[in-house]
Amino acid sequence: MSILETAAQFGTYAVMAGVLIFALGVVTLRNLFHCALCLAAALIGTAVLYVVLRAEYLAAIQILLYVGAVVTLVIFAIMLTEHIAQKTVRQNNSQSPLAIVGLLGFVALLAGVILKTPWPVTQAALKAKVSVMGLGEALMGAYVFPFEVISIILIAALIGTVVIAKKDDAQ
Amino acid sequence: MTIFGWGVFKGMMVTLKNFLTSYFRKPDEGGIFTVQYPEEREKAIENFRNFPFLVYDGSPEKIRCVACGICERECPPKCIHIEMEIDVAGKPTRKPAVFDIDYGLCMNCGMCEEVCPFDSIFMDHAFEVTAPERNEGLVRNKKELSKSNEYFQKVRPTLASSIDQKRKAAEEKKKAAAAPQGVGGQAQPPQGQEPK
Amino acid sequence: MEIINALKNTDETQILEINFGPQHPSTHGVFRMTIQLEGEKICGLKPVFGYLHRNHEQIAENLPYAAIMPYTDRLDYVNALANNFGYALTIEKLAGLEVPERAEYIRVIMAELARVVNHITVIGFMLNDLGAFFTPLLYAFRERERILDLFEEITGSRLMNNFFRFGGVKRDLTNANLAAIQKIVSKFPAFLKEFEALLTKNEILCMRCQNIGVLSGDTATNAGITGPVLRASGVNYDIRKVDHYSIYDRFDFKIPLGEKGDVYDRFYVRVLEIRESLKILEQALAKIPAGEIINKKSLPLLKMPRNFKPPVGEAYGRVESPKGELGFYVVSDGTPQPWRYHVRAPSLINLTVLEEMCLGQKIADAIIILGSIDIVLGETDR
Amino acid sequence: MQNLLSSIDMIFVTAKAWVLSLLALFLPKWLIILASITISGVVILCLGPVIMMYLTLLERKLIGRIQNRYGPNRVGKWGLLQPIADGIKMFTKEDIVPANADKIVHLLAPIAIVVPALMIFLVVPFGKSMTAVNLNIGLLYFIAVSSITILPIFMGSWASRNKYSLLGGMRTAAQMISYEIPMTLAVVPAIMMSQSLSTNAIVLSQAGGCGLNWFIFTPWGIVGFIIFFLCATAECNRPPFDLPEAESELVAGFHTEYSGMKFALFYMAEYMNAFTLCGIAATLFLGGWQGPFLPSWVWFFGKTFVLICVMIWFRGTFPRFRVDHLMGFAWKFLLPLTLVNILLTALWQFTSNLVAWIGSILVLGISLWTLVKLNRTFVPEKRHYPLES
């Protein structure tokens, strides 16, 4: 049994490494289309990690929303403006030192938060399996307010898109 | 007002009907109408014309063609090439020495058959003509083009028999007119020119 | 608001130029269009043709009159008989040859059968352009095959018929042939009914065809469009009715007219024209008289085509080919060859309004508009 | 008798268990688990391509019959070896990569497209306890995985550097995103009624009643099924929704520049998708492997193949949609209808008697009528053709 577990562990690390490599690819590759593909790969890798952590629901949603919708739209946009996809875009400009400073600050902040948070790692929490039904109940019960707010925001976004598109059409 | 989707449904019923009838109807009534070609063949249609061939009576030497060159001249795409045979004395023998037809050029119009005054060139039924080369393989020489009258009878019976009758009548007329001259065999070009 | 404006300035979509053909599954041969696309919308279209140019007119000017006949088969190879008809009509006009009664009937029968063949083929191919997976096309070909078998029996060839002669036709129709034609004519309405059930009311087809590629009657007349394309635009113009050439004035038939001049009208006018052709065939089969099939005067010319020298002069003969007005203009200088020979090909002239019909439509529409014009590249490029 | 039937029913399950028990004699336990996964995996990996091969034959045969001809009948009896001959042909064809193509992406696209197609097989319940992985979010997994299919198509269309491919890719993206939404919403009623996302649980909730408990025998079920099936047809780019590869317009769409085995892989993915989508449709609305008398897997494959035949029938009958019509159909017609359908299902939870039946039919009829009235473009115009002399 332990062999399997170690194999699974190694597999997990490999997937993590892959995610990191692809994430690096997203920011360093010069061809925008390749970047988008790397982003998709990184997101799929994250979904795999979720599966490993027994959050299948989250994994499925991750793939459905991020890979199936977000990345697709990104690629769609890239393909619509084809001259971007063909050129290789320069990856840094005069503002990059500033950005690096900002990034370092953000990383420091994140690290601080992570280190300070008391992670409640108990045996019970590890064994607990969040069912879809539980999620649904949580959404409709405890978190119904944020849920509704999000839906309103989404509807506003939708209407906004339609308005912009409509104006374009009238021209 | 028709129901939305009714047209689509009707179309599907048509294809379904054809699908079912293809199993148990005859080709003429909505069954399968394709022919499994190399094994099955359509009934040969007599009037069908493809490439021209030359008719001989009996043996290939007795070819009807007299190398008059009319077909060569009238052929629209100019795919016929004829050279007359010349005997030792240097006299033309009224026989083709060379008779080439470029099948690659021929457009199967049947003009040669129409203009030939000697009933010697006819359109064949053989359509499975292939060659590996565009220029060489498709040029047919006299030997390849010559086919017996029996073959002609087999391929186009009505036309061949009517032409045989015509030729017989002409021959008898000729015999009656010039009995002492003897049998001319195939060498009877001037008489052939007035068929009717 | 500024952001929106900035976005609008940057997202001017690039115009994509596509070379449509000459190697393309649905250009009906080797036709080429240069299409400018904005997304899927067409904002420019230039037809380019000439890929199948075979020098038809020049070849004809170097051939005796009779030898041109097989070449006219190769113009519009879907209905060679209409081309034969037009050319024979022109030369008869030029040489003043009369055509015997029976020959006229045979001509009309053959030409109308060719029209039926052409129209079902066109509809089949148009449906293929629409994306139907060969089914309507193969149903059309099933019926076409029966008629082509008949052509083979009568003329000797399925497509390149070379059947008409100056002053008559090449071969007589036997009673068996007439019976076979009668059988086809009487069976055809059933097939048309099935065909229509498959297509006419189909919502997808209607969606795709209605109000697409609209051609107004005015534009069509100004551009010299003829044939079903013109009649679909609502203009009553059929040379069979206008010229009364051959013996078309003896038959009772109607000219179906379209309402809007879109692709659907062009499709349906053709269906209705098949019905009218069947009516003509019925009448011709009932009335066909016995007699000669070729003018006595032109009999010797069959054996000696080079002896045929029409008097000096010119003639323009035209017929209603299934694609439109097919005209032949021949100038004779008294030699065995025509001095000038010109073909007015309906396919070519109908193609001139292609851009006008396609602008603002989607790329998928351009294909069915092209299909609905019904071009045959043999005729367009000559 | 009952015994025999159930043993035939479980024949594949028992076979696998037997093999595993045989292996257990001399292999350690952790290897047995691996072996169990491998056996299921190998079976699925083989099943996919084999099904695809014979689907092509079936399609050609059926369409041939629809068009009054035989279809392939030369290679082997009834053309049964035709797919193998096709495979050999594909393998021996020259692999052409356009000079300007993005070589790596061009190579990756056909490989990547097969993966989601095969992954969906994991949650398809082929028979009683014959689901490879019994995920409790099976349906969501299916929707998620089938949404990835867009990516390889994008890759292929972009990497070919061909305008036809690019247009095909755009169309695919637009079409798949649009049709995913009504498809997902059409699934919701089945989830609501069975109160589970697991494909197995959905099948089990349709048990009994000699097949009358299948979801399709309810008003919301039949509407949901029809919408799901139409969306499935659109999802796997089959006629009349085959715009991405519209051969009369875009030559071959996104795989214009592919040849040989790469092209075959695209084809394979398409057919495997068709199979799995039909399988899922059967699972959701036709009771999956439920059915009287016959073994469960026979029922499942029977239902699936009937659905596939309907898809082929569509292909043999219809002309193709146009892009804007296709979009309009999804957004303006199917989407509102699915929403009404979900509402009806919620009501059905409370009452499911004759009154509910009539009420549902009434509501559906009214909403259908309104939608048709609102979508004038889909309704054929009436034309009048004067016959002038």
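Read from first to last, the chains carry the letters A, B, C and D; within each, the first residue is number 1.
Simple rule for what comes next: a contact is a pair of C-beta atoms (placed from the backbone, for glycine too) under 8 Å apart; a residue touches a chain by one contact, two chains touch by 3 or more.
Please read all numbers here as calculations on a predicted model, not as lab measurements.
*Asks:* Suppose you hop from chain A to any chain it touches, then on again the same way; how many hops at least until you reach chain B?
*Replies:* The distance in steps between these two chains is 2.
*Asks:* Once you count every C-beta pair in contact for both, which comes out on top, C-D or B-D?
*Replies:* C-D
*Asks:* Going by average Cα coordinates, which chain is farthest removed from chain D?
*Replies:* Chain centre farthest from chain D's centre: B.
*Asks:* Taking each chain's centre as the mean of its CA atoms, how far is chain C from chain D in angstrom?
*Replies:* 43
*Asks:* Rounded to a whole Å, what is the gap between the Cα centroids of chain A and chain C?
*Replies:* Measuring from centre to centre gives 60 Å for this pair.
*Asks:* How many angstrom lie between the centres of chain B and chain D, each centre taken as the mean Cα position?
*Replies:* The computed centroid separation for chain B versus chain D comes out at 56 Å.
*Asks:* Hey, how far is the Cα centre of chain B from the one of chain C, in Å?
*Replies:* 30
*Asks:* Give the residues of chain B that touch two or more other chains, as numbers and ranges in rising order.
*Replies:* Residues 4, 7-8, 11, 14-15, 18, 33.
*Asks:* Please set out, as single numbers or ranges, the residues of chain C touching at least two other chains.
*Replies:* 135, 139, 142, 198, 201-206 - these are the residues of chain C that touch more than one other chain.
*Asks:* Can you pull out the residues of chain A that are in contact with at least two other chains?
*Replies:* 80, 82
*Asks:* Within their complex, state which residues of chain D touch chain A.
*Replies:* Touching chain A from chain D are residues 29-30, 33-34, 102, 105, 135-137, 140-141, 143-145, 147-148, 150-151, 154-155, 158, 166, 169-170, 173, 177, 180, 195, 197.
*Asks:* Touching residues of chain C toward chain D in the complex: what are they?
*Replies:* Chain C reaches chain D through residues 16, 18, 24-26, 37, 40, 127-135, 138-139, 142, 198, 201-208, 210-211, 236, 241, 254-260, 264-265, 268-269, 272, 276, 362-365, 367.
*Asks:* Residue numbers of chain D touching chain B in their complex, please.
*Replies:* The contact residues of chain D facing chain B are 62, 65-70, 73, 313-314, 316-318, 368, 372, 378-380.
*Asks:* Please output the residues of chain D touching chain C within their complex, sorted ascending.
*Replies:* Going by the criterion above, the answer is residues 63, 66-69, 163-164, 166-167, 171, 239-240, 242-243, 246-249, 251, 315-325, 377-381, 383-389.
*Asks:* Quick one: in the complex, what on chain A touches chain D?
*Replies:* Listed in rising order, the residues are 1-4, 31, 33-34, 37, 40, 44, 56-57, 59-61, 63-64, 67-69, 71-73, 75-76, 79-80, 82, 85, 131-133.
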